[in-house]
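Worksheet: one structure, shown below.
Chain naming follows the written order as A, B, C, D and E, and within any one chain the residues start at number 1.
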Amino acid sequence: MKHAILGAALLAAYVGVPLLFGGTPYVMGLIVAALTIAGVALAWALLGNLGGMVSFGHAAFFGVGSYTSAVLSMKLGVPVFAALLLGGLGAAVASVAMLPALRLRGPYFALAILAYAHIFQILATEMTPITGGAGGLLSIPRFPTLFGLEFGGKTGGYVIILTIILLSAFAYDAVRRSAWGLALKAMHDTEIATRVIGVPSTHLKAAMLALSAFITGVVGAFNAHFISFLEPDYAFSSTWTVLPIAAAIFGGYRTVWGPVVGALVIYLLDQLVFKPILPHGHQMVLGVLLCAMILLSPGGLLPVLLRRRRSEGGRHAHA
Amino acid sequence: MIELTLQALFSGLLAGGYYATVAVGLALVFGAMRVINLAHGELVLLAAYIAYAAESRYGINPVMAIPIALVVVASASAIVYALLSRIEHDREINSLILTFGIGIIMTNGILTIWAADIHSTTNPWFQDSLVIADTLFAMNAEVAFFIGGLALMAGVYWWLNHSWQGRAVRALTSNRNAAMLMGVNPRQTEILSFMIAALLATFAGVAIYTGKTVFPSLGHVLTVKAFIITVLAGMGSIHGVLIGAIMIGVIESLTVTYLSASLQELAGMLLFLVVLFVSPSGLFGGRRALAR
Amino acid sequence: MTNALDVVSLRAGYGAINVLWDVSLTAETGKTTVIVGPNGAGKTTLLRAIMGLVPVTAGDIRVNGQSRKGAKTWDTVADGVVMIPEGRMIFPDMSVEDNLMMGAFPRACRAGWKRNKAMVFDFFPRLAERRDQIAGTLSGGEAQMLAIGRGLMEQPRVCLIDEPSLGLAPVVVDEIFRILGQLRADGMTIILVEQNTSRALKIADHVHLMQSGKVVLSERGDAVDLDRLHALYFAHDAA
Amino acid sequence: MLTLEGVHVNFGGVQALKSASFAVAEGESIGLVGPNGAGKTTLFNVISGVVRPSGGRLDFRGQSLLKLPEWKRARLGIGRSFQIPRPLGHCTVRENLIVAQRFGARTNDPQRIDEILDILNLRDKADSDATTELALTEHKALEVGKALATNPSLLLLDEVLAGLETTSKRAFMERLGAVRDRYKLAMVIIEHDIPTIAALCPRVLVLNFGQIIADGAPDAVFRDPEVIRSYTGETTL
Amino acid sequence: KDFLLGSELPLTGNLARVGQGMHEGIAVAIDMANKAQAGKHSFKVSTIDDETSPAKAVAAVEKLIGDGVVALTGGYGSNIIGPASEAAQKAGVVYITSGGVTPDLTGRGYKTFFRINNTDGYALAMIGLLQDMAAKKVSVVYLNKEATSNLAKQVKDALGAKGVTVTMHEFDGATSDFKPLINKVKLQDRPDVVAMVGYENDYVGILRAAKVLKPDVKAMVGVWSLATSQMAKEFPDLMENVHGTSMLPYPVEFTQPEALEFAATYKKLFNKEPDYLGQFGYVQTRLLIDAILRADAAGTLAGGGLPDELRKTDAQTLIGRVTFDAKGDNPNFTHRMGQHQGGKVVLVWPKEFANGAMRFPATPW
C-alpha cells in the first residue's frame, strides 16, 4: 500500500509534471526555482532538526557549491555532472572551516555561519582571477544531453533537481531513523547529558553540518549550471538563506517533506497567484502568509495535512 | 599619520554609537523575551520615515518629531508583541519567522507609502561640521545622537540591572515559572520592555534620518547589523552592545583608513568570528552552569 | 475564624493527564500543616495548583475564605501566599544576590529587603559567601538554600514549602527545621511537603497523607503514629 | 580501577577541589558525603570529563583519562548521573535508554532496557516525554537508568535517592544493590542520608572544602568529631 | 492594431528606485505613442517585477513571451539583464535596455539585444570634464560593483595615460560612513578633484563626509543618479556645485517639440520633473515602438523582422543620436555633464550642449 503510493507519487513527479507543464517554460522554470529553494530548505531543516543548529548562512554553502562547480567546469573542463558533485564536496569542505563554530549554540551559531557567508562572498568578489570578481561568470556550461535526454532545458533541469531532492530526502530520512538520528534529537538542549552516555556529539554535529552543506552545495551547483550565470551578490545572496528558512518552517521543519512542500507552496503561490494580483506588493502577502502560518499552525503545513491520518501526533514533535 | 588615525578612531567611535542605538533595542527584547525581533530594523526605519514625513510635510524639526514617531512605533511594537505572545511552542524559532514576516510587511508598506527614494533631513544644522581641536571632524547630528544614545543606554542599563522591574525582566527569561512565583506579571513586564525597545528604536530611527540616508530596504540591513552586534555583545547584554558596536565601528574605520573600504565588512565579520571563538557566548554573554 | 487555606474537591493535572482527584484539605491560620505521601502522589502538583501554576479543572481554592480559583500566580503572591519550590526553580543566570532581591519583588516586601536579606544571610552564611556567584553554578544544596532564602524574602503569610531538606547536609537540615520551628512560633501559616517524615511530624499541627492524587488520611499532628503512617504507604503499594 | 591523585579544580576564586586523592577498587562501593558545596559533584564532573581539572592525575584501569572526551570515558565504562536531572530533550524515557545503550554500550539489547525500566519502576512511564512529564523522583530514576544502559563498570550516582520516601528508598537501594552485585559494578554514591550510605557502602569518604577529611568504614567515619562538626550534626547512625 | 510590449524591472528591493524610474519613462513613451497613433494602433506594456533576481527575471521574460509580447523593454542591472536577455534571444524576441552598461552584455553579439547607452559613454563624459578642468590629481572613489568598478578603471586608465595622477579607492555597498575614506583622500592624496562612482546614497554619504572634512579640492564629480532633480530637491545644500552625468538640465529647458511633449506627459502622469532614468526608459521604448511600426508597415513584424528593423535605427533622441552596431550597442552614446547650481542642474559639458557656465573651482562647502 505504502509502496504503491510512493510509486504513484514518483511516477507523477517524473512523468506527470513534465507532461503537464513541459510546454510552458515559464511554469516549468518556476517549478525548478521552487525546487531549488526546496533543496536548500531540506538541507537547512536537516541541520536544524537533527543537528539542533539553526543556520542563517546557508547561502555560504550555496555560493561555494555553485562557484566550485562553475569554475571547475569552465576552467578545468570537468564534465558538468561530475562538477555538480564536486560542488557539493566543495561546500562540505567549506563546512570544515566552520568546525570551530560548532562550539557555539543558538543565535551564536546562526550568526557565525552568516559571518562565514559574508566572508565567502567578499572573497568571491576579491578573487577576481578565479571567480571573475564582481562581474561574475557568464555562460557557465549547461547540463549536457545524455542518453538522448536533453538535460540542458527546463524539463531536463527539473528531472535533475527532482532527483537531487529525492536522494537528499531519502538520505535525511535514513539518518533520522537511525540511532544517530535519535542521539541527534536528544542532543538539542542537553548536549552534556548525551556526551556522558557515550555520544560523540561534536562528531555527529560536524557530520550533519557536512551533509547539510553537501546537499546545499549540490543544489547551488545545479542552479549555477541551470541559470548559467553567477556573481558573488547572487551566489551568496541572503535569499538563499531566508527563503529556504521561511519555506522550511512554513512547511514544517521537523518533518522530512515539510520543507519541500513549504517551498513549493510558498514560491508557486507567490509567483503564480499573488504576483499577478498584486504586482508590487505581493511580498507583503507572503509576509502575511508566514505570520498567519506561525500563529495558526506553528508546526507547519505538512503536519496539518497529515493530521487527519495520524490521530495522535500532537504530543511529540515528530522528528 | 597621527591625524589620520585619530580621525579614524573618532569616526569609528561615532559609527559605533549609531550601531549601538539600533542594536540595543534588539538586545533588550531578546533579554526580555528570548525572542529575536527580526522586525526591529523596520521599526527603526518606521521612526525615520515618520520623522521624514513630519519634516517634509509640516516642517517639524526631526528631534521634535520623536514623540510623534514614538506613538507610531510603540503602537507597531505593541502589535508585534501581541502577535508574539500568541506563540506557544518552539518560541525561539517560530518567533523568528513571525517577526521576519512582520518585517516584510513593514518594508513593503513603507515602500508603498513613501516610494523607494532616498531621504534625509533637510535641516542643515545636523550636517554642519563640528571640529574638535582642529583635528577631529564630525557632523553635529553624529555627536548629538552619540551623546543622547549613551545617556539612553546608560538609563536602560541601570533599569535592567538595578530597578525592580528590570530585575523582573531578567528573572522572567531566566525561569518563567519561578518569576511568577515571585509575583512577576509576565505580560506586564514584557510589554514594558517592548515599549522601552520602541523608545530606543524611535531614537535610533531619528538619529539615522538626521545623520545618514533612509530608503525602504534599509530596515533589513539594520536588523542584520543589530543582530550581529547583539550576538557579539552576548545576547541580552546592554553594555556589551555598546562595546561591541564601538569595536565594530572602530575596526571598520581603521580598515578603511589603512586597507580598503571594500574590506571593512570583511574586517567586521572576522572580528566577530574571532570574538565568538575566543568567547563562545559573546563578549558579555551569561556564564551558564556546566553540570550538576 | 476562617482558615488560611481551604482546598475543596480539587482536580488538576497536566493537559490530558489528570493528577489530583478531588483533593480536599485545610490549613488553619498560624498552624503548620504537613503533607506526606509516596512519590508521584501529587504533592508538588497540589502546591503548584494552589499557586495557579497548574490549571485547575474542578473544585475550589480559598485563601482566608475567599475563592482564588483561576487567580493568577502573581496575584496570589501579592496576597501573601508564597511557594518555596525545590532548588531547581532558582534563576540560573542571575547572581545569588539578585535571586534574593527577586524574592522581595512583591510591592509589600520591597521596603524590608535589606533587613530580610540580612536575615537570610544570617540563616545561610554560605549564601553570603557566594552572593556574587551566578546561581546556576551553585552546588545542589546551595541552590536549595537559595530557594528557601528567596522565599523568606517574600515575607509570606502563608508559606507552601516543597521538600526543603532535599539534598541538604544533615547539619543544614537541622538548621532548616530550626528555622521552620521559629517561623511557626512567629505565627506563620506553613504548609510543608516533606519526605523526612519523622522530622516533619515533630513540628506538625496537622498531617495529611496523599496517595495517587487523593488525600487518604487527615489527622492532628500529635495523633499520628509514624509506623502506622508508613504502613499506609505500603498499603498503597499492595493495592 | 580508578585512581585520582592531587586533583585540583578552580572556579574563578573558588577552590572546589584541593588536591583530592583516592582510589576505587574493582567492584567496590564507596559512599561520598560532605557538606553542601564541598566539591562532591565537582569530583564526579572531573571523573566523567565534564570539568577539566587544573592539576592532578586521573587513571582508569591503567589509562589516563585526562585527555579523553566525555563520550570516550563513557565507553570505557564510566557511567554517571546528574544531581539536577538532565533527561534527553524531545525523547521518551525509553528513547533515553536506547541512546545510552547504542552509544555508551554500543549494543542493541531491548531486553536489557526493559530490565532497567523494571528495576527503576519506570515501566509505566516508558513512553512519557522525559523532559516534561516526570515527577522529580522519576527524573532521578531515569538518571540512574541512563547510566546503567551504558553497561558501566563504574557507576557514579549523585543523590539519586534524595526525595524518595523511606519505603521506596529502601526498595530502590535493594534493587541497586542487586544490580551492582549482578553486573559486578564498582559504585561511588553521593548521598546525604547517612543510614542509607552506611547500609550500602562498606567504605565512606568525607569531603570538606574540596579536601578529603575522612576515609574508612561508616561507623568509624561518622564518629569522627571533625565529620560530626562539619557535616552530620545532631544526626547520628 | 494592438501591440503588447513586455517589461521586466526591479520594482521592489534594493533597486526599486531605479526600476521605478525606468518604468515611468516606459509609461510615458507608451502614452505618447498611443496619442500619436490614436485610431490606428494602440500600445500596452505588461510589467513584471523581477525582484532583482536573475531566476525571476528569466521567468518573467518567459512569461511575457508566453503572453505574446512583441518585444521587451526594460531590465536593470547587468547581472539581471544577462540571463533575461539570453532567454529573450532563445525565443528570438527583441530585448532593449538602458539598465546595464557592461561591455559583456553586447559582447555576446546577440541578434535580439539592443542597448542605447554604455560604460564608454559615461567614461567619456567624465574624462572629458576632468580634462576641461585640467585636473592634475584625481581621487576616484568607487563602489565595488561591476558597473561602477569598470567605469572607474576606464577613467583611471584614460587619465593615467594623459599623465594625470589617479588614486583609486574602492568601497563596499554597506559603507555608510565615508569620513575615514575622505579623510584619507584629504590628508594623503590631496587631489584637485574627487570623482565618485556609485549610487545615490553613496554620493550623499561621500558628500556629507566631504562637507564635514572639507578637503582642499576644486570640484566633486560623479556619474549616475547625481545631477538629478530629485537630488537637487532632497539635498539642496549638499549638491550645490557638484557635477554629474545628466542628459538634460533641470528645470528642463527643452526646445525640441518631442522633448517638450515628453516633459509635459511625464509631469501629467507622475506629477514630477523627469529624471535621467525616465529619459532612458523613454528613449529606448520610443525607438522600439518606431521600429515596431516600421516593421508592421513592412509586414515583417510577424516574420521576425523586428531586430533588423531596429538595427536600421538612426534617430536624434533626448540622449543624442542613436544607431546600433552589429552587437546592438549604440556607438554614438556620450553622456553630458551637469552641475548643480542654486537648486538647478546646468549642463556644462560638452560645450555644444552647455546651457550655462561651469563654476570652477567650486565645492558644496
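Note that in this section a contact is a pair of C-beta atoms (placed from the backbone, for glycine too) under 8 Å apart; a residue touches a chain by one contact, two chains touch by 3 or more.
Predicted model, so just to flag it, every value in this text is computed and none were measured.
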item	value
Where subunit B and subunit E overlap in contact partners, by chain label	A
Identity of the chain that, by mean CA position, is farthest from subunit B	D
Chain pair with the higher count of C-beta pairs in contact (A-E, C-D)	C-D
Gap in Å, rounded to a whole number, between the CA centres of subunit E and subunit C	76
Cα-centroid distance, subunit A relative to subunit C, in whole angstrom	52
Separation of subunit A from subunit B, taking each centre as the mean of its C-alpha atoms, in whole Å	31
Where subunit B and subunit C are represented by their mean Cα positions, the distance between them in whole Å	43
Overlap residues in subunit D, where contacts from two or more other chains coincide	41, 50, 82-84, 86, 158
Residue list for subunit B, restricted to those that touch at least two other chains	108, 111, 262-263, 265, 290-292
Subunit C: positions in contact with at least two other chains	137-140
Residue numbers on subunit A that touch subunit D, as the complex places them	179, 182-183, 185-190, 192-201, 315-317, 319
Touching residues on subunit A, where the partner in the complex is subunit B	48, 54, 100-101, 103-108, 111-112, 114-116, 118-119, 122, 125-126, 192, 238, 242, 245-246, 249-250, 253, 280-281, 283-284, 286-291, 293-295, 298-299, 317
Contact footprint of subunit E on subunit A as seen in their complex	24-26, 29-30, 33, 36, 122, 125, 133-136, 138-139, 223, 227-229, 231, 233-234, 237, 239, 271, 275, 279-280, 282-283
Residues of subunit C touching subunit B in the complex	51, 53, 72-74, 77-78, 82-83, 85, 89-94, 98, 101-103, 105-106, 110, 134, 136-140, 150, 154
Contact set on subunit B toward subunit E in their complex	3-4, 7-8, 11-12, 14-15, 18, 108, 111, 115-120, 122, 124, 127, 129, 137-139, 212-213, 215-217, 221, 252-254, 256-257, 260-265
